[in-house]
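First the structure, which I've put down as structure tokens, then a few questions once you've had a look.
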Amino acid sequence: MRSDGRQTNQTRPVTITTHYNKHAEGSVFIEVGDTKVICTATVEERVPPFMKGQGKGWVTAEYSMLPRATQVRNQREAAKGKLGGRTMEIQRLIGRALRSVVNLEALGERSITLDCDVIQADGGTRTTSITGAFVAMAFAIDKIVKDKNLQKYPINDFMGSISVGVVQDRPCLDLNYEEDSKAKVDMNVVMTGAGKFVEVQGTGEDAPFSRAELDELLALAETGIQSMIREQEAALGPDITERIRRASHAPARS
Amino acid sequence: MRSDGRQTNQTRPVTITTHYNKHAEGSVFIEVGDTKVICTATVEERVPPFMKGQGKGWVTAEYSMLPRATQVRNQREAAKGKLGGRTMEIQRLIGRALRSVVNLEALGERSITLDCDVIQADGGTRTTSITGAFVAMAFAIDKIVKDKNLQKYPINDFMGSISVGVVQDRPCLDLNYEEDSKAKVDMNVVMTGAGKFVEVQGTGEDAPFSRAELDELLALAETGIQSMIREQEAALGPDITERIRRASHAPARS
Amino acid sequence: MRSDGRQTNQTRPVTITTHYNKHAEGSVFIEVGDTKVICTATVEERVPPFMKGQGKGWVTAEYSMLPRATQVRNQREAAKGKLGGRTMEIQRLIGRALRSVVNLEALGERSITLDCDVIQADGGTRTTSITGAFVAMAFAIDKIVKDKNLQKYPINDFMGSISVGVVQDRPCLDLNYEEDSKAKVDMNVVMTGAGKFVEVQGTGEDAPFSRAELDELLALAETGIQSMIREQEAALGPDITERIRRASHAPARS
Amino acid sequence: MRSDGRQTNQTRPVTITTHYNKHAEGSVFIEVGDTKVICTATVEERVPPFMKGQGKGWVTAEYSMLPRATQVRNQREAAKGKLGGRTMEIQRLIGRALRSVVNLEALGERSITLDCDVIQADGGTRTTSITGAFVAMAFAIDKIVKDKNLQKYPINDFMGSISVGVVQDRPCLDLNYEEDSKAKVDMNVVMTGAGKFVEVQGTGEDAPFSRAELDELLALAETGIQSMIREQEAALGPDITERIRRASHAPARS
Amino acid sequence: MRSDGRQTNQTRPVTITTHYNKHAEGSVFIEVGDTKVICTATVEERVPPFMKGQGKGWVTAEYSMLPRATQVRNQREAAKGKLGGRTMEIQRLIGRALRSVVNLEALGERSITLDCDVIQADGGTRTTSITGAFVAMAFAIDKIVKDKNLQKYPINDFMGSISVGVVQDRPCLDLNYEEDSKAKVDMNVVMTGAGKFVEVQGTGEDAPFSRAELDELLALAETGIQSMIREQEAALGPDITERIRRASHAPARS
Amino acid sequence: MRSDGRQTNQTRPVTITTHYNKHAEGSVFIEVGDTKVICTATVEERVPPFMKGQGKGWVTAEYSMLPRATQVRNQREAAKGKLGGRTMEIQRLIGRALRSVVNLEALGERSITLDCDVIQADGGTRTTSITGAFVAMAFAIDKIVKDKNLQKYPINDFMGSISVGVVQDRPCLDLNYEEDSKAKVDMNVVMTGAGKFVEVQGTGEDAPFSRAELDELLALAETGIQSMIREQEAALGPDITERIRRASHAPARS
């Protein structure tokens, strides 16, 4: 049993509040345990300079934590005058994860920016951001499909993310902050609805890990991500879910 | 009648959700119409260098908007690498307003940082931030009073804020974004529970205003701020309200 | 009597030296007591990107203090690598004040930048900058009117500024640095020749102020600004003064 | 066969020139194919503020590419005024990898900075930097052990790194730039001499990858890293190699 | 004859207004032709970190141009967020020139910052700054000598500066902007009262210059600097002049 | 005899390794004693905005030192977020020196950027950079002449650089770091193959220097630069050497 009473293969409770922001083209407020993130999708009818004229769209992400999202207040990056390495690493990760399931040609020459703002942090902020941002993006893209009458649905598959780690020698799913801070191995996994890996980022700074541990962690992650994708489906509703499934030629999950 | 059906002297509905953040010493989520701001108070047992050794505390504020708080997405100031002039002006204003009702000697050599993060903007974000930040600060200071057994209560009085302006030649209270963008005169007022002015900031860039207009606007603001202070009292509850009143030697509001 | 022998309703001596800079399209060196500011107006035949194609002009201002304008040397903002909040607040104020009396349509698609550089500071640097910048701008605009043969005179009215404050419980006009640093209430007022308010910025961080105090301060400010406008008229000479008056349909001041 | 004639499980030729810099406490010039990196280790008898007083040392890394290390010249980050996200991500990775095999208590309160400057880039610059930086660090630490007469040898094990990826549907070892730019899956692996994972970073932005592909890539990476560690041993010479092996209680590699 | 009627070996008229700033420990307003610079000296009873504890003082300089000092307005470096290369080069030059005639041991552990702010530019702003800054510094140091009762006079000698160049194949002294912009060779020279060189900076970007031209330019510069030093003596007055001369054991200039 | 056994008029050994970088249009690795610099030339078929449409080319330079090029590690300018004054001064100098021997009209509307990265520093890094950069640039320009079939050879003459200084009262050629740090006078000279001066930068911060000393230093510099130019000729080979000589109408050096 873990400190919050969960089994090693159990995720924290998940709540996804949709249409959280009245201005954004897509938005959710996602809570995974006490980690809470606002994800908004902004659609713009232009692409960054390096993408111009290729007939393709672009998806990018920005990530930030409110100063007091954490136990101790962090100085704002705007006040410091620069983004930290951790922030840059996370927003690059979120962007890659989202693009892995988007058909940029089908999207057409427009861009979607996903803003992931962490309101409260308790471990797993980057994986929660990815899971939430997918939903916000799906709402926004579904709206584009209707408004612009796109012929091909630009989302290839569902995609979710979770963290796993070795805490007190036990591989565990969905670490909270307390667990994360004493984990010897820490891994973030991003996976599609079809069960393929988009990202595997495992680090054993405090203690290198064996192949056997890696295998156990990946299995836990797969379970957790399937559960996250079921939450995404519930939040998006049956119609959008069906359209994504059809685009991915995937059989309905039972 | 205004576009949203209000009278010229009527504020929008106000909701103050207290203890919104599990880490902060004081926090609220304040909604004034569709303007929504998270205010958190962080207490630190040290003061900035310029205040050291004076036996006095310090109160300061930071203000930010999520990129998609607005109709059109704004670039993050962290990504730009600097705070804009508007942000700096607003956070200086919030800090001055809060300090005007705090007895810094009674607070002792510690500092309180109020973070005001606008989740959704629909006019009046700076005045809503001030009104909400007062409540978050009061929770934090009341906790210090208990934890540190302070002899003198460090809050002198209630303090709230509202915007007023001249819209289509009519002085109006608590402008929403649509009204604000067509107002010829725009004024933000900060006032104490005792009805004294802390800040009066009126600007008539598009059309200078007469003394008569100024008088009407100030009267509207006074009404609005009294209403905001009643919301603050309800959010803080009778005990803290009583302690602030006693410190200000003010008679109870009926 | 005040520390420098003035009455409470008396301004310091004012000197405006015109055509102070041989390169600028308009320039003055303004001295109000020991506060000394160089104001230059630069005309450019283009507008900022956000104004393009609207057939309107733009007026903006920048403000800076030489490092040793003050009793203690201040680090240069260029060396710090960023503008401080106070600087940004002041240059936004100067810009708004100037634009309030300029007909941007009549000016045509060109921009005027007013640089206000404080050579020596002794209180009231922002109000002195506004008063001086108006004169530099008027010279520059009058030159444009001639050079480009404009049909409509783009200046609507005179506009000046002064500070007022409550010093040792007495409302006083045009505070010097010593007075300013012990004032409990500090207010900057910008007013047109027709006696309408452009900006009212009063702050009572150290002590909130009553409505009666506000009224007294506004009355003092009005007197002071009328006196500043008479100095502006003298500096600009009868011809330009006449052209501005005619454009504002204002009767000649006696 | 690959475009440069290698087998899929074959690394490029490796050359490690030791003592490349006359000032640094440890330094190498490492060449893996046409990728060339200068790695220098700087020892300082102090630790960063967040590590002070813990009796432990610190190891950190910085990474940079000369502007013309690449086919097209890149603007210097010093000229841009900030480090890019890719640079930050890489230097964080190098630092974690190095710390994973250093006993910071045994090192004592001193810090080692590894500078990895890419002179010429042809794929695998981050993994080559890690492999080279280990050797430079080992020289520097071995020198500290002698100079300061440390009782416990602070290096726990060898550690090397290599990239793997799926190129034209074939898992390949040690990608060059041409291969890397068309790889659908790209993975960087860091492993200890004992065959444990320090970092696994796989990304399938262009095409998610299956568990079977992941397994093949990890097997290739293990082979490649063992080969890199043999090059490190040769560069460090038998004495330092023996001391590291003894510290890791590892049997001699045959 | 030159475009402004001067002989090739003639400087422009020089005016040095002393005690120009009421706050600074030393200050002048120097005009050389239409080039006008305010130089202020600030004394602080501390030295920069790298000088601490050596019992020596420090002299440094900062240089800036008002945006409209030039024919076309220049963007402020504070607004750009960084100092340009030209500015840095000039302020390093001014600092070295001033330190060359100051006995830093005799000055004691205190620092003097010379701010050179160009009000109007017409060629020779860096040499005019050096000549003016010497006078401001001498007033400040003379004051320190009295206030702190220093035993040894810390100024070794007079020091002045001028520009020379080859304009239309004729070596000329003290170029104005028009001449400077068409000069093929441009040289700035700093020299002591004793006739020794402190700095010689000649550049022939547009046309390399011969040894004969170099010799002619150096001779012109010597004449010009002697004339500048006479102006410095007149501005400082006979007492300070006498104290500097005595410290340099130099015979009185006739 | 000097500390490293050289005569006062003797340079350190020079090695120029050509074609050091496989990507750059021209590149050398130059070693002057223990000072080692990589110089690469990048050709781009466009010019900076301020040069557009004039039918002329542009040559510019950037300079940087690896953090551990020096005895004590220097913080990276990219990490500091800005270029230092010394760096800016040096890169401006290198750029001017290179442009002095390039016919920008003959080069045509394209630009060449010379990157000078100091791998190891032991005095004379700026002069070594200039000498090496000339060779890298000559390779790049010679390639342009062939590829674009230019009619007029764009290099006017050879150009090299060396430092001289007064060490222990003796004028010396080509100072190493130890000598440089105790030199009272320090001078960098840039000269063409025809023996004309491009830059003379002498500074006597610690002790002003006489005209006689200046003359001795210039004579030493001339000898040293002739020797550097012979090394450049050897590195470029007889064909390119001949083409440059022919362009400069200079007789062959015996």
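In this document, chain identifiers A, B, C, D, E and F correspond to the written order of the chains, with residue numbering beginning at 1 in each.
Basically, a residue touches a chain if its C-beta (ideal position, glycine included) is under 8 Å from a C-beta of that chain, and two chains touch if they have at least 3 such contacts.
This one's a predicted model, so the numbers in the text were calculated from it and none came from an experiment.
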Which is the least count of steps on a path of touching chains running from chain D to chain F? 1
Both chain B and chain E are touched by which chains? C
Averaging only over C-alpha atoms, locate the centres of chain A and chain E and give their separation in whole Å. 61
Which integer distance in Å separates the CA centroid of chain D from that of chain E? 52
Measure off the straight-line distance from the CA centroid of chain A to the CA centroid of chain D, and report it in whole Å. 29
Show the residues in chain E shared as contacts by 2 or more other chains, in ascending order. 81-83
Which chains make up the ring, listed in order from chain B with chain C immediately after it? B, C, E, F, D, A
Spell out the part of chain B that touches chain A in their complex, as residue ranges. 21-24, 27, 34, 38, 40, 42, 44, 62, 64, 66-71, 73, 76-83, 87, 113, 115, 117, 119-120
Chain E to chain F touching residues, read off their complex: 82-86, 88-89, 91-92, 96, 99-100, 187, 191-192, 194, 196-206, 208-211, 214, 218
